[in-house]
Amino acid sequence: MRTMDDRKHAPGEALKYGVLGGNPLLRLGLGLCPALAVTVTAMNGLGMGLATACVLLCTSLTVSTLRGLVAGRARVPLFLLVSAVFAAVAQMILAGWFPALNGALGVFVPLIAVNCLILNRADEAASRSGLMTAAADAVGMGLGYTAALTLVGALRELIGRGSVFGAAILPSGYEPMLLAAMPAGGFLMVGLLMGVFRAVASGRSGKKESERT
Amino acid sequence: MSGVARVLLFMVSCVFTENIFLTRLMGCCALDESRRLGAAAGVGLFTALVMTLSSAGAWMVGRWVLTPLDAAYLQTPAFVAVIILLTVLCAALIGRIRPALREALEGSLTWAAANCAVLGTAVLNMEKACSLGEALLSGLFNGLGFLLAIVCMAGVRERLAFSKVPESLRGLPIALISASLMALAFMGFTGLA
Amino acid sequence: MNLRMSPAPHVYSSQSTRALMLNVIIALLPCAVAGVWHFGSGALTLILASTLSAVLAECLWQKLAGRRVLIGDLSAVVTGLILGLNLPPSAPWWLAVLGSAFAVVVVKGLFGGLGDNFVNPALAARAMLLVSWPKYMTAWVAPAGWNACVDAVSAATPLASPGSFTAWQLFLGDVPGSIGETCKLAILLGLAFLLLTKTVSWRIPVTLTASAFAFSWIFGGDPVAAILSGGVLFAAVFMATDYVTCPMSAAGQLVYAACAGLLIVLIRRYGLYPEGVTFAILLMNIAAPLIDRCVRRRVYGHGKGANAHNG
C-alpha cells in the first residue's frame, strides 16, 4: 500500500493517488502527530498541511537529486537531516510572516522535520526515482495531506466551536461539544474518517469488480 | 517543597497528567508498533533510553553551542543530528551487550530517531529554559510516560485481535479509536500534578 | 472446522445473555425508582430517553454494519439504563440520547459488539459527556420530588460540600447527585439481588468499597462519608463488575478493585474533577489486560519445576 506503483508515475495520476486512493493521512496512516494535535481549527489544519507539503516537496527534490550518493543504513539519517534543514527554513518563514499561525501550531512546526510522511515518501519514492516523478509524488501527497488536515480541522472546529475558518456556521443555540478540541476528540475524528474513507474505497472497488465481471 | 517531592510531582506530571502520547499527542506514529506487548515494551524502552540521552545531549548542544553562536535557527537540524547519533550509539551498545535484542529492534530504530516525542521533548526543554538536570529528568520521565502509553495500547490491541471489528476499521482506525478512549480516561489525571 | 477466537467471557448464547441482563435490569430498578422519587420528572425523562436511545442506536448500528440485530439480548437496555442513572437529573434530554448512542455505537459497536469492548460503555459515555458539556454535567439540583428539575434549585453535592449531610441522608439519598447513585439503600438492594442470583461475585464490589474506605482514611478524609458520597457504591456494584472489562482471574480482580479504590481517592482529593469514580474505573479497564498478563495462573506442567518433572 505504501509503495509507488509504476502506473502512478504520470503527474496526473500521482496527484489523484495522493489526494484520494493513497491519501497519506486517511489511507496510509502517515503524519499522524500533527493531524491529531493541531487540527483544532480548519485554519490550523490548512496551515500545517501547506507547511508540511512545502517541506515535503523540497526534501523529495533534494533526496531525488542525491539519490545515487548514499545507500544502505545511512539513508534514513540523510533523509532526516535534509528534512530538518527545510523544516528549520519553514520555521523561520512562519515565524516571520505568519506569527499567529506559528503560535497556534507551536512545537509541531519544528516537528515537521520528523514527520513520518516526509520520511516515508523520501524512502519509497524520491530516493528511487527521478526529479519529475519525485516532484509529482510530493505534490500529490502534499495536497492530499493538506486536504485531509483541513478536513479534520474543519470538522473538529465545526463540532467543537460551531464555526469553520472562524465563520460561525451553526446557529447560536448550538452547544459546542468540547471533546472535539481535545486529544480524545482528535484520535476519534481521525480514526472515524479513516474508517469511512476505507469503507467508501472498498465499496467503490467492489463496484468496479462487479462491473468487470 | 523538598527536592524529592518536586521530582516525584514532576514524574507524575510527565507520566500521567501530561502524558506525551495521550495528552500532548507526540509520538503517535508509533501506534503501528504497538500491536504486540513484547514488541511495544521493547520499542518503548528503547525510545525512553534515546529520549533520556538526547534530552540531555540536545540541551548541551543548544546551551553550549547554539546559544553562544546565536544560531538558534540551526536548532532543528542540530537536534535531529544529536538524536540520530545517540540512536545509533544506543543501538550499537545494545548490539554489544545483547545482539539478539539488537536484531529484534532493527525495524523500530527508525521510529526512535524519527519519533516526534524525542525531538519534541528536546525542543520543549529549550523553550522552558530549564537546567541540564531538569532536561535529563524530563527526557527520562516523558520516556516512561511514552512506555506506559504504548504498553497499555498494546495490551488493548492484543485483546482487539480477537474482536469482530468491522472490516473498514481494522488495524489503524480502531487503534486510533482505542487511543481516543484511553486519552479520555487519562483526562482523569488532570490536576494531579 | 470453524474456530472462532474471542476475548473472555466465552460462553455466549442469546438466552444466557438475556437472563443475565434481565437480572441486572431488575437489580437497577430500586435505584431508578429512588431516583425518580427524589428528582421527579427530569429523572424519568432522562432514564427513558437514554434507554430508548441505546436500543435504537444499537438496532441502527447493527443494521448499518450488516450484523444480526441482537437487541433481544437486552444489553443495550442495560447500557442505556446505567448511563441514564449516571446523569444529573437536570441534564437536557439530548445529552442522554447522544451519550447512549456514543456508548452503544462507538464504545461497543465499532469494536465488534457485546463482549468486544475494552472499556465500560456507560462509563466511557459519561466521561465523554462530562468533558464535552461540563456545564450540564455538573449542574445539580436538590432532591425535591416530582418538580425537582422544574423548579431547579441548584445545590451542591456531598462531594462538593462535605459535612453538610448526615450519614442517614447520604444513605437514603436525600442529597443532590446523579439520578441513580444517591440512594445507597437501593444500591444495596440491587447488590443483594445480584449476589443471590449469582450474577456478580462479591469480590469486586466489596474490594473496591473497602479500598476506597481504607485509602480515604489513609489520606485523611472521613471514610464513611467517602463511600456514601458520590458514585462509589453504584460503580462498585454495577459498573466495575462488568465481566467484559474487568480482569479474568480472581487475584486480578482484587488488584483491579483495590487500585480503582486508590485512584478514586487520589482523583477526588488531588485532581481537578470532584468525582473520581468514572475515570478511575476507566483507567483500570485499560489496565485490565495488563493485570491479566501479570497475574497469570500457572498451568500444571509448565514453570520452574516443570523440567524436573518432565525429565
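Should a chain be cited, it is by its letter among A, B and C, assigned in written order, with residues numbered from 1 in that chain.
Definition applied: a contact is a pair of C-beta atoms (placed from the backbone, for glycine too) under 8 Å apart; a residue touches a chain by one contact, two chains touch by 3 or more.
Because the structure is a prediction, the values reported are computed rather than measured.
When chain centres are defined as mean Cα coordinates, A lies farthest from chain C.
Chain nearest the geometric middle of the protein is B, using mean C-alpha positions.
Here B-C and A-B were compared by C-beta pairs in contact; the pair with more is A-B. Averaged C-alpha coordinates put the centre of chain A at 39 Å from the centre of chain C.
Note: centroid distance chain B to chain C, computed from Cα atoms, is 33 Å.
In this assembly, the C-alpha centroid of chain A lies 22 Å from the C-alpha centroid of chain B. In chain A, the residues that reach two or more other chains under the touch definition are 179, 182, 184, 188, 195. Contact of a single residue of chain B with at least two other chains is seen at positions 166, 169, 174, 177, 181, 184, 187. Within chain C, contacts with two or more other chains are made by residues 106, 110, 128, 131.
On the chain C side of its complex with chain A, the touching residues are 106, 110, 128, 131-134, 136. Note for the complex: chain A touches chain C at residues 175, 177-180, 182, 184, 188, 195. For chain C in complex with chain B, the touching residues are 5-7, 65, 106-107, 110-113, 116, 118-119, 124, 127-128, 131, 263, 266-267, 270-273, 276, 278-280, 282-283, 285-287, 289-290, 293. Contacts from chain A toward chain B in the complex involve residues 29-33, 36-37, 76-77, 80-81, 84-85, 87-88, 91-92, 107-108, 110-111, 113-116, 119, 179, 182-188, 190-192, 194-196, 198-199, 202.
Residues 37, 151-152, 155-156, 158-160, 162-166, 169, 174, 177-178, 181-182, 184-192 of chain B touch chain C in their complex.
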